[in-house]
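Each of the next two complexes has chain A plus one other chain: chain B in the first, chain C in the second.
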Partner chain A sequence: MTAVLDLPSTREEAWRWADLGALSAAAALAPVAAPAHEFLDLPGARLLFVDGVLDEARSQLHRVELTDLPTSDHALGRRAAGKGWRLSLDARAAADPVQVVHVATGRENHLPAHIHLGDDAVAQVVETFVGAGWQNRHLSVTLGKGARLMRSVRLLQPAGFVSLREEADVGAAASLVAVFLGAGGQGSRIDARLTLGDGAFGDYGGALLTAGEQRQECAVRVNHAQPDGSSRQLWRAVAADRSQASLAAAVEVARHAQKTDGEQSLRGLLLHRTATVNLKPELEIFADDVKCAHGATVGELDARALFYMESRGIPRARAQALLTRAFVNDALERIGDETTRAAFEADADAWLEASLSRRERSVGSTAPRAVEILPGAEPTQLGPLGAAEGEG
Partner chain B sequence: MLRIENLHAEIDGKEILKGLTLEVNAGEVHAIMGPNGAGKSTLGYVLGGRPGYEVTAGSVTFNGPEGPCDLLEKEPHERAAAGLFLGFQYPVEIPGVSNVQFLRESLNAQRAGRDEKPLSGAEFLKLARAQADALGLAQDMLKRPVNVGFSGGEKKRNEMVQMGIIDPAFAILDETDSGLDIDALRIVGDGINRIMRRPDKAVLLITHYQRLLDYVKPDRVHVLADGRITRSGGAELAHQLEREGYAEVVA
Partner chain C sequence: MATKNAEAYEAVSKKYEWGFATDIEQDFAPKGLSEDTVRYISAKKGEPEWMLEWRLKAYRRWLTMDSPDWAKLSIPPIDYQDAYYYAEPRQKKTIASLDELDPEIRRTYEKLGIPIAEQEVLAGVEGARKVAVDAVFDSVSVATTFRAELKAAGVIFLSISEAIREYPDLVRKWLGKVVPQHDNYFATLNSAVFSDGTFVYVPKGVRCPMELSTYFRINAENTGQFERTLIVADEGAYVSYLEGCTAPMRDENQLHAAVVELVALDDAEIKYSTVQNWYPGDENGVGGIYNFVTKRALCQGRNSKVSWTQVETGSAVTWKYPSCVLAGENSVGEFYSVAVTNNRQQADTGTKMIHLGKGSRSTIVSKGISAGRSDNTYRGLVRVAPTAEGVRNFTQCDSLLLGDQCGAHTVPYIEVKNPSAQIEHEATTSKISEDQLFYAMSRGLDQEAAVALIVNGFAREVLQQLPMEFAVEAQKLLGISLEGSVG
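Presenting the complex of A and B:
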């Protein structure tokens, strides 16, 4: 057993859906052989971490360095202290993509990282988590004026847990886009806080796909500290069996952050009525001239669309797969690089295929379990009319 | 080609079809007219196999290209593969799935059901473009998500484009004329004639008004009221209904 006793209680609002018991359970899993890992066919740095330690022989660092990094005071983030990887680009520099593969063979590992982009620098980072055990990461990002960072992160561990704590400072007119895909069997918590400068753009979103008894969640807060910023949080959850996916997304607008444009779209899809999706869109606005759109819906596949497709000859399981994939792809289309996006879509497809074929075999269903939707949300059937969008 | 005998069907325990009998032969176009709530759309959905529409008595035999079969035994997608096409009164919007993908999946699923080879992307596009042109539907609409952002008239044209691509043996068209202006009505009417007016095909037109029948001349017209066919006649029956109203004619 590991010491996880100093983590917050789920009685704390920011941790209410966190599956903290799963952390020690993940760390106690029997070790597995290092699984196959594959880098995408992209130029640039390739970092392979096995149990949090760089495998130098199989890595190419390019502009990335290993160094001691400052710690965070966050409950999860502070555990990932010490030596980690850092990408630091000077003003106007542009790096080839950086790929990081995190392989775990069991127990727990913790690793910090820091990305710093000077003014107008551009970078792309793709991270992949595979294996078993508990992998805990802390990332701090600082973007200079007009810098642009695109991150794509996929969680593909068959078991265990991945916890990510990310803190980003997005400078004036800079852009940070991060897309997450949880398509493995692991539990997860994606915990992030973004602070946006003058006219900055922050886009944090993704798709969490859960099955079995799995629990995944995101808890993202975007802070508009300065005027004219815009943010977008588009999350999709697909929950099968008795799993639980939770999406909590908050926008905070400081008193003088006028002309802020925030958008939140949280949608959940229940493949079985025993599954749970929790949604919590949260707005905390102190400025008076802002636009913050938010929408939150949970539902099942649109029965009319299913019949329409069947009536044209598409078998039911295939129609379900097409509709579910369209639902998930909403969240993945933000990935700019085509190779990366195709890989993420293929991971999501593989999950859907496995989950929907299992669904065909399962028999019967019981009454829906609790579906909790918090302020501004309303349960509807998903469909063209299903999105209950609002402005606040 | 289609023989419906003493069909009873209900939704949520409420009986809507109450002993409907109808036969449509190959080479014929039949129109079903009737007042609101008579069960016209229900008939279409029951024949298409929509979940929630429960058949409690009666039979439907379909004699398509694959030979006679019990239609009610089949799953909805198997009915499509057997040659049945259901044109929707309210075509459904499907965000995230393009028209091209939707139709190619449909056509190739049907072909697979009949042990035919799937069409290649190029073969399919050629077919789809020709049908879209014939119905005056802009090419770029094929790339757009199914029916999303289409006007009422465009949705109905899209139904006809789908019918042209799928090339069914038997079409049930549920109020295909509603929401169409005069020009669109003629285009859609011409489409129905072009695609379905063949000796080995047949059409069941469900409609409220007589006007579509000016373009698609029916061989038989039936009045559906309170779940049954109460009167049948030739094309002139539609004109009589238009003049005198259902209450007068059915009574």
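Presenting the complex of A and C:
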């Protein structure tokens, strides 16, 4: 536990909204039985880590190997040192999707990872976090010229904390797309730094859904080090009860990185007056021929849209649910793979359903039963985690 | 078009023209900062005991604090012992009328174009409004004009040291209420050593009959200026206040740490305009003023309104966030800012809008212009408390980059705890397009004049918020500050 104490304080700008006190609390969680986990129905490698240790019997490594990895100097990243998983593809190689499921049974675990794609190589990685405790990950990514990496990460722990530190070096004309979904009951910090090469494309975004006393945040910095790069940061936050969702996204444009095109869209939706959404769309620009736009809004659902739907005969609760779902799906629709996207959307729906039905109950109206609120979200699609999460 | 052309030419053909120093005899406090310095200043002002205690408390607190480092500014460590904290023009006796003012000082203000005499009209314009001026020279207020006329209207317009003597209860009631002593490092330092500044009280239902203005001038070498301004607008009152500042060109960095507190009660309105033109240092970043300012307004009453307008063209380093605490129901906060940086200047400026009252609204329009090798940062906070229903905020931050060696940064913070709030934030970063330049130049402007014209257009939304007298000066300033930044 003493290791937790030397983390940065919230007086430092980059950690202003961080909830680092939650780390020791998460690490102190008593061990629980390993929860059920599900791999998506995708071909390719399957890695199951239980408390940061590979469960070889239930994993298929394919091209992934376990090896010693270099350490980071980041406050959280440096804790995840030592042996981790690595995916390394040669030039022009294309791998089947890699699925990684991280199961925690309490306490804390740390694991590094490294993804290297040679020139024009293509890969897809899907990660899922379940269980309870503090899971800390450090990922470094290097993409060669023209390489393409698609990542999808979902945080579905009912309790505890997930901290991710990611450092990516995106080569010339390469593309990195990462979509995050925080739909569990855990606290989180998604802390990333991307460096974009000549004409590279970086897209970091996702949706953070918070309820109860939960606090989730992202802190992503995209650095345009070379000319002609473009970046997208599209984040959505939905905060219910007394929770707090924080989105801090920064674009840095280096002196000679002309013709950069950076776009940020940060939007927050508050479901209760006790919830908090914090936004910080930051621009740091040293080049004079760039296009950088950011938009940030916080509020509740658009009253006119609600009225329109109600006037068409849609009950209020369902209209709210549909609009909220559309709001969240903005961030998820960039997941390229259909199976993965459907799974992420179902997780988000499960969260919305639980949260909105709880809200209707607390308001005391005659709300329809939970399953009726969102027509697409049948209970069978939710999986064991959705049910568990609904109780929290 | 022809007149605009001439104006633009005139604008870009000048350097910092307020860089002269006035040679007068002055009294200094011993160099350095200690409890003795604080006691010296207090004694010099003939302050009551409570004021001295207040200062000492701030000084002791200051010793325990660290200089803030979160702003995007690179400042070499400041040696607080290597400065004079008090400099006063030597006077043989107290002056009975404005005519007895030291002619050197009078000439200084004439050179700066500040009407110390109670001129009927300004600049020969028939029907122009009158402006009452409080002139602060280094550490003391040397003249305050139009006293009689203001007194007739019930408006108190005094230097703050006089106000502490003449209206102790009123000052004591509000001093440090909006910006607490220990608010931040520089505000605490100011609380300990503030020398002079302006106090304004506008009583119930009074609309101040003229613009009030304070003109700050740093003259002495190695001297810091620490002024304190307190403006209270009672129920239904209105006041418009202007502030201008200049300093001589010197090779060392001088410190300016001011605190401004505004209080608006029910239905009151305060309009506060600043044209900040401290010496910015030369093109290699030698010299210039370090400008650390804490400005905050408390909109305490229902329907109260505070509007900050600032044109920031000077200072080597600017650290300034005029803020509004919108506590009253339906209170309104506005912030209009143009910040220009050139050469090696650094500016980290913006605003804080703290929404506590129901239905409170705020508007933020910030225009940042960077040239040379400068850095210009907008840093702003919009916070909505859980109890503040129906809050509206609109923020617009535009940055203009002139040249490829400068930086423009935007750091907006949005913290919302009430779902009924509508918060919108927009930002753009751009440069002057070839098309715009070509168009202006094909109409006969040279490149610098064309740039000055386009920049004035870029900043127009803010400039038009300024009172007329200042708008002209501000427009001229923009052109001068950008001189040499193109081509």
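Note that in this section the second predicted complex is superposed on the first by the 360 of 392 C-alpha atoms of A that agree within 3 Å, B and C clash if a C-alpha of one lies under 4 Å from a C-alpha of the other, contacts with A are read in each partner's own complex, and residues count from 1 in each chain.
What we mean here is this: a contact is a pair of C-beta atoms (placed from the backbone, for glycine too) under 8 Å apart; a residue touches a chain by one contact, two chains touch by 3 or more.
A quick note: this is a predicted structure, and the numbers were derived from the prediction, not measured.
Colleague: Spot which of chain B and chain C makes contact with more residues of chain A, would you?
Modeller: In the superposed model, C touches more residues of chain A.
Colleague: Could you tell me if A:P315 is touching chain B, chain C, both of them or neither one (first, second, both, neither)?
Modeller: In the superposition, A:P315 touches chain B alone.
Colleague: Looking at the overlay, what does A:L164 touch: chain B (first), chain C (second), both, or neither?
Modeller: neither
Colleague: Could you tell me if A:A257 is touching chain B, chain C, both of them or neither one (first, second, both, neither)?
Modeller: It touches nothing on chain B or chain C.
Colleague: Is A:R304 touching the first partner chain B, the second partner chain C, both, or neither of them?
Modeller: A:R304: touches chain B, not chain C.
Colleague: Taking the superposition on A as described, I'd like to know which of chain B and chain C A:N329 touches: first, second, both or neither.
Modeller: So A:N329 only meets chain B here.
Colleague: Of all residues in chain C, which touch chain A in the complex?
Modeller: Chain C reaches chain A through residues 70, 72, 384, 386, 399, 401-429, 431.
Colleague: Which part of chain B faces chain A closely enough to touch in the complex?
Modeller: Listed in rising order, the residues of chain B that touch chain A are 48-51, 75-77, 79-81, 86, 88, 91-97, 101-103, 105-107, 109-110, 113, 148, 162, 166.
Colleague: Can you list the residues on chain A that touch chain C in the complex?
Modeller: Those in contact with chain C are residues 13, 255-256, 258, 268, 270-300.
Colleague: Please give the residue numbers of chain A that touch chain B in the complex, ascending.
Modeller: 302-305, 307-316, 318, 322-323, 325-327, 329-330, 383-384
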